[in-house]
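Presented sequentially are two complexes of subunit A, the first with subunit B as partner and the second with subunit C.
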Partner chain A sequence: MSTKSLIYVSFLPEIILGAFALLIMCVDPFLKKREKVFSTIISIFAIVVAFISNLLFLSRDASLITFNGMIYFDFYSNLLRGLFLLIGFLVSLFAFKYIEREDLFPGEFSSLLLFALIGMDLMAISANLIMTFIGLEILSMSTYILAGFKRKNLKSNESALKYFILGGVSSAILLYGISFLYGFTGTLSYRGIANVLSKGSGFIGSPLLFLGMGMILVGFGFKIALAPFHVWTPDVYEGAPTVVSGFMSVGPKAAGYAALLRIVFQIFPFTLPLWRELFVYSAILTMLIGNLGAIIQKNVKRLLGYSSIAHAGYMLLGIIAADVMGMSGIIFYLFAYLFMNLGAFGVISIFEGKGEKFVTIDDYRGIGFKYPQLTFPLSIFLLSLAGIPLTAGFVGKFVLFGAALMENHMGLVLIAILASLISVYYYLKVIVYMFMKSPIIEGEEIEVRYSGVALFSVLVCAFFVLYLGLFPSYLLNLSKEAVVFLGI
Partner chain B sequence: MKTLLIFIPILPLIGFLLNGIFGRSFPKKLVHRIAITTTGISFLLAVITFFKFLSLDVESLVFNYFTWIKAGDFVANFGFLLDPLSMVMVLVVTGVGFLIHVYSIGYMWNDIGYNRFFAYLNLFMFSMLILVLANNYLLLFVGWEGVGLCSYLLIGFYFHKKSASDAGKKAFIVNRIGDFGFVVGLMLIFFTFRTIDFEKVFSEIVNRGYGVEAGWGVLTVIGVLLFIGATGKSAQIPLYVWLPDAMEGPTPVSALIHAATMVTAGVYMITRSNAIYSRAPHALFIVGLIGSITALFAATIGIFQRDIKRVLAYSTVSQLGYMFTALGVLAFSAGIFHLMTHAFFKALLFLGSGSVILALHHEQDMQNMGGLKKYLPITCWTMWAATLAISGIPIFAGFFSKDEILWRSYSTPVKGHMIFYILGTVAALITALYMFRLMFLTFHGKTRLPEDKLSHVHESPKSMTGVLVVLAILSTIGGFVGMPGWTKIPNIFENFLEPVFKFMPHKGIVHAVEGHSAGNELLVTLVSILVAGIGALIAYIIYLKKEVTPEKEENLGLIYKLIFNKYYVDEIYNFLVVQPIKWFSTNVLWKIVDVSIIDGIVNGYAYLTEGLSVGVSKIQNGFIRSYVGWIALGGIGILYYILINFIK
Partner chain C sequence: MEILGVPILNAVTYFPLIGFLVILLIPKSKETLIKIVANVTGFIGFLISLPLIINWYKPEVVNGMKNGMRYVIDVPWIRTIGARYQFGIDGISLLLVLLTTLLGFIAILSSWSAIKDRVKEYYAYMLLLQTGMLGVFMATDLFLFYVFWEVMLVPMYFLIGVWGGPRKLYAAIKFFLYTLAGSVLMLLAIIALYFKYISIYGWEHRTFSLFKFMQVGFDPQFQWWAFLAFFIGFAIKVPMFPFHTWLPDAHVEAPTAGSVILAGVLLKMGTYGFVRFSLPLFPDAMIKFTPLLMTLCVIGIIYGALVAMMQADMKKLVAYSSVSHLGMTMLGVFALTQVGIQGGVIQMINHGISTGALFLIVGIVYERRHTRLIKEYGGLSHNMPLYATIFLIMTLSSIGLPGLNGFIGEFMILQGTFARHDLRVYAILAASGVILGAAYMLWLYQRVMFGKLEKEENKKMKDLNLREVFTFVPLIILAVWIGIYPSFWLKYLKAPVKKITDIYQKKMVEKKVELNSKLKVDYKGMKRIINNNNMSEE
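And now, the complex of A and B:
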């Protein structure tokens, strides 16, 4: 393969997504109201095509830098891209009927989702800090709009505005940090910075360099929702349209981790001891705040908002361990988290009904055996989030905690175990309300309507949660293969 | 055999799936046919496996079905370990489980949620079988959590009763504490040995030459942590409080989960880990001490309880204490032996009480019973068999197992063994006392039931009494497999279990039994028979001759009050643990998190509404600013940290 064609091959899925996103924007205005579904179908088609092209051009052996040093073409990029496309696929399926029910605009939604996916991809495959930043901004801009997608809804507006303002602040800090790094090393490419840093020991002593690193950490901490940069999460998730909340809880988080792993291990591997302690404090804070905050929540979306903070904290244990097991644990957990959290949000988006009326735990009373096709999968998702064995969440947690333990972080692991034991309480509470409480007025359970597409995607998520819980080895191996390219 | 074995747990799982998903639309008969066929076949398979295993004449078999988790150098297989210990457990679980399934048809027939009940029960069977068959600690934990989950669901089965859902909640919270110990212990095993396979961990212990630890070595710490897990699941002091409340669940559940199988998981787990415990005398001492104190303590509470199921609940706690006492003196096989006989007679007692409760239309207070022998003859006589067994009357199953435990605690010179022996013997007296009291108050003497109610009392259907009879036979003859040493008849049970203990240190803490003659053993046996007789006699005089009723017991005053109220342990826990946590959550979590953040949001909406009408600028003046403040604060924290470290 010539170098030139390689450039396009390495970037093909993004080109496809972009082309289709533009196509949807052009076609959508000409569609009649009843034909609007067509744009959603195009976007699903685009994601599938991108996924296939990603599968066709795998780079399992070598790590190439293409696009004038902007993009990594390696298996890490392939695997993470696959993860993002899966997220996009499932979100589109959940959105299929949701958009119609809530009377939103499918065209805009689909194209924004595709743009967000491009941004996520760029974050994971970028080999240059500017590219990373551009990816982050494409993702952020799309999600700001998606969060406020219910234009007439006050909560949705509030959510978008908060996310926008806070996101803007954190982006600014991130960019400032990047400029520090540039000022010191004169380059923005990962490899370039790493080279300079490894040669000139004089640079390493400079406090300004570390200031730059710290600011980059703040920027990503915000995207991933690590404490103390998590404050926006519950409000934004609660206010945003449920399907979008689901997307935000997995998408940007996964992209943030994807980029953070590259930056930490490809630019700053030698400063890890310094970072590590910061990560330890942040992980402890994140896990405790997420889980303690979730206990008292009555609103299910808000509950999952807090829980998503906690999960970001668990994944941090992988970075702290900083070995192959920990890294591959993070990637495995991202997959597991994608299925269980997106699945849970998917079921919630079905239960809430038109206008998102039923979103408190009390609304879930007594529906357990009335809609087993939905409540059983939801129970599986929640048990997996809680880390109950035979689910993907358990395996993920076990690998992450095990990795941290092997690196002698006994105290941290103890806190992590304690935190996840606390979490069992509030996840199980939802299950208990569904199966063991009768409705406040006897016989008045909520009425649930769902489409075949939504049910199908819920079942797909449930299947993978169980499948990865029983047979995680294949994915764990793939993750291991991918993280090798980070040069650990 | 590999395929055969996997079907033992899979069949109940299939039953669960069928009844759980489609059960609502199934007719009742189909529901119980599915549940019973699956568990029945699974029991048959267990029997076939047992004979195959005997014919193979091997110590243990490991079947790895697939690699479950592989990360770094860590490997966990989804595999089963078949050895005498897991064989005994599988037979008990499937056998007793099958009988209780059959019994449930009659008992639950008129209950709402018939399919729900059988679905949960089958799910429980699946989890329990995974627990006992697992070949590594992680898979054991899978079952451990699974049975816990089913237990909460079944305790809260009558969820419209507040007491039932409270009991479920209590069981759940108490077990979290236990689980914490267990998980940390598991992590420590993994950390120390880099593997979690039973056989690999144990051979690693042998290969690395771990001797008996004089102080607090790593094995002792692991032992104590695992035991914390066991105190939660097997209801020992201080975590026993959930079990008596668990009686809010349907009676077959009390029999299966909260008497015969799940609560013995801790005993099984420690026996499985005998290679660890036999090298950790301190951990062993804690196990024995907690066990024997629990045995006595819970037995005394049983004396004055009026609710027939509560007496049995405390009795279960007490009997579990006996099993842990056995483990504490290295008599692992005696502990498992008692586990087995206890499964027979305690399941029988619960099912018998269920039959009484059903006949009296959900009356559980013994004050309103008496003289039921005439009306419920089969229930009465089968329960007598169980009563004699649990009291340790010769020939009945419990006699052999309890006697073995007492003899071993008398003769094995480990730390504190005489304390265990004395506590155990006193507990034996009280056991006989409260059990005979229960029988006299329920079935004998004059009836205290009003005439109009009495006419409705009738014996339970055949599906229920049949099960009682089968269990009565087992409670009577089940002990013959473990003859005491002085009879010179070989102890089949102990010999069968022998290979399980191959990893124990050869020059262990002690070599038991040596130096004690058969005469001594006979003496210990006679003492325990005598003690049981005294207990029975006291009960006879008080409750049959003097016709004391539960109401008259109140005249005892202070002692009665203290014991009837279970030594106020619940109240003490409430004061020491629950109230402080509540205080913390209302005053700290609620005031800070809820009021300032949640109400902040409510106010935020107010600002927002106002803001939209006045101008967007107001929103920024609302509380996003404080959010930005948080981020800035965090950023400053990070930078500060980096600079401090840099200067260092």
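And now, the complex of A and C:
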């Protein structure tokens, strides 16, 4: 393959996504109201095509830098891109009927989702800090709009505004941090910075360098919702349309982790003890705040919001371990988390009914045996989030905690275990309300309507949660293969 | 050994799952059909576990033994972390597997008229639970063991939480969180063992296999920590004295069949865990902690019995009697002598039989009268003679009357403990538990069965029907069988227990000085007694 074609090959899925996103924007205005579904179908088609092109051009052996030194073409990029496209695919399936029910605009939704996916991809494959920043901004801009997608809903507006203001500030901090690094090293490419840092030992002790690094970590901490930068999460998840909350809880988080892994291991390997300590404190705070906060929640969306904070904390353990097992644990966990959390949000988006009326735990009373096709998958998702064996969540936690334990972080692992024990309580609470409590007025459970597409995607998620719990080997090996390219 | 091409242990474990899937396919409204399918599954499940014992001494089975385990299945499962799908049973697991399949069937049979709503889901969970429990007794890979150990929590949680009594939610969540907290600590210890093994043999030899771990001989310091973590996990499950508070709640709120399974099988998972994992893996820590463990057992025996005596609720009484009986079981196991451990294991089976039966007995009057308060009853023997007979047999079995199973277990445990001179005082204290046991059980029997039949509602109560009698028949047969001819069962225990005690004899010889000065073991005398017992077993 010539270098020129390699450039396009390495970037092909993003080109496809972008082209289809623009196509949707052009076509959508000319569709009648009844035909609006068409744009959702185009977006699903685009995601599938991008996924196939990603599969066709794998780079399993070598790590190439293409596009004028802007992006990596390696298996890590391939795997993470596959993860993002899966997220996009499932979100579109869940959105299929949701958008119609809530009377939203399918065209705008689909194209924004595709743009968000491009942003996520760029964050994972970027080899240059500016590229990373651009990816982050594309993702953020799309999600700001998606969060406020219900224009006439006060909460949705609040959600979007909060996300926008805090997101803007954090982007600024990140950019400022990047400029510090640029000032020191005169380059923005990951390898370039690492080279300069490894040679010029004079820089290493400089407080300004640490400040720059710290700012970059803060910027990503916000995206991933690490404590103490997590405060926006529950409010934003509560207000945003449920499908979008689901997307936000897995998408930006996965992208943030994908970029963070590259940055900490390719730019900052020399300052490992320093950022490791920062991450240890952040992980402890994140896990405890997330889980303790979730206990008192009555709104299921807020509950999952807090729980998603906690899960970001568990994944930090992989970075803290800083070895192949920990890294591959993070990637595996991202997959596991994608299925279980997106599945849970998907079921919630079905239960809440038109206008998102039924979102408190109390509304779930007594529906357990009435709609087993939805409540049993939801139970599986919740048990998996809690880390009960035979589910993907258990294997993920096992690998992450195991990796941290191997690197002698006994205290941290004990706290993580304590935190996940706390989490069992509130996940079980949802199950208790569904199966073991009867409605306040006897016989008045909520009515649930669902489409075949939504049920299908719920079942797909449940299947993969169980499958990855039973046979995790294949994905674990892939993750291992991928993280080798991080050069740990 | 295979059944229709499926390795027999897989067949026994996963057969209930087939019934589970069939039940899922049957529409909700066909309740009778669901009940029939569940009962048939339970019965066949029991039948296909019988070849395990029938073929036990067949040459092909004996030749296929690996690490003292028969019917071994060993295939890679999660290669990345080195977890294997490793099944195998020795004599100890054999008895517990048979107990599980039998009690599982009886529990399903006993629910025929007790469960009236959500029939389909109820039987589905029962069968799921069955698979989970069987897996626990067969797994010899610690990762696999942990998976089964945790997974069976979920159906049990639903059984208590959905079909339980008035305080079911509290009981179910308490049960779940308590057990989970303990087992997560155990998981931590399993991971620690795993890394310890890797640090010695290298990453390529990563494994969770029990037998690989047994070869290592971990250093005492490490053993203590790992032992403590395992101890908390198992002790909560047993439950041993300070960790027992979840048990009465869970028992009282659970439906009858749930209690039977809970007492008969679930608690055995804890005691089994000690015998299978803690004893062979952590001998140094075991010897070190023996006085503490013994003290906890004795407190459990006496405290459980005293509290049981004061209960007004029949089910709570039986639940507390479990605390006492299991204290006795653990006493035998922790004595670390051949007779003691054998007695402990046989007492696990006895407890499953007699306490399982007692919960059924309580369930039968509860189904008729919807109360479990002792004062509501009295004089039932007048209109329920059959019931009175069975109740009496099980009461006597529970208190250890010679000729019935309880006697054998308790006698062996006390003998095995007494054989170690340093533990005599515990044996003497524990023996008082036997007396207290007789007191509360006989008093219960007297208050429920004898006296005048005064209450109007009680006069209308019908005696047992055929199905109910049938649930008790196998249990009575076993109680008498073990009571009269125990060596039939004990012979399966000899070899595996010997394997454990060999480790300890070596350790005690090695530590002769230390033991003599610190613990004052008359180890010569002990050896003599052990040898004598071995000979008498032949």
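Here is the rule we go by: the second predicted complex is superposed on the first by the 488 of 488 C-alpha atoms of A that agree within 3 Å, B and C clash if a C-alpha of one lies under 4 Å from a C-alpha of the other, contacts with A are read in each partner's own complex, and residues count from 1 in each chain.
Assume a residue touches a chain if its C-beta (ideal position, glycine included) is under 8 Å from a C-beta of that chain, and two chains touch if they have at least 3 such contacts.
Keep in mind it's a predicted model, so treat the numbers as computed, not measured.
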| item | value |
| --- | --- |
| Which of subunit B and subunit C A:145 touches, first, second, both or neither | neither |
| First (subunit B), second (subunit C), both or neither touched by A:455 | neither |
| First (subunit B), second (subunit C), both or neither touched by A:415 | neither |
| If touched residues of subunit A are counted for subunit B and for subunit C, the larger one | B |
| Partner chain(s) touched by A:173 [first = subunit B, second = subunit C, both, neither] | first |
| Partner chain(s) touched by A:235 [first = subunit B, second = subunit C, both, neither] | first |
| Contact residues common to both interfaces of subunit A (with subunit B and with subunit C) | 369, 372, 383, 388-390, 395, 398-399, 401-402, 405-406, 413-414, 417, 421, 424-425, 428, 432, 435-437, 471-473, 476-477, 480 |
| Partner subunit C, residues of subunit A touching it in the complex | 369, 372, 383, 388-390, 394-395, 398-399, 401-402, 405-406, 413-414, 417, 420-421, 424-425, 428, 432, 435-437, 471-473, 476-477, 480 |
| In the complex with subunit B, residue positions of subunit A that touch it | 154-155, 158, 161-162, 165-166, 169-170, 173, 205, 207, 210-211, 213-215, 217-218, 221-222, 227-229, 231-232, 235, 274, 277-278, 292-293, 295-296, 323-325, 328-329, 332, 369, 372-373, 376, 383, 388-390, 395, 398-399, 401-403, 405-406, 410, 413-414, 417-418, 421, 424-425, 428, 432, 435-438, 470-473, 476-477, 480 |
| Complex contacts: residues of subunit B adjacent to subunit A | 20-21, 24, 66-72, 74, 78, 116, 138, 141-142, 145-146, 149, 152-153, 156, 159-160, 165, 168, 172-173, 176, 179-180, 183-184, 187, 190-191, 585, 589-590, 593-594, 601, 604-605, 608-609, 612, 619-620, 624, 627-628, 630-631, 633-635, 637-639, 641-643, 645-646 |
| Touching residues on subunit C, where the partner in the complex is subunit A | 77-81, 118, 121, 146-147, 150-151, 153-154, 157-158, 161-162, 168-169, 172-173, 176-177, 180-181, 184-185, 187-188, 191-192, 194-195 |
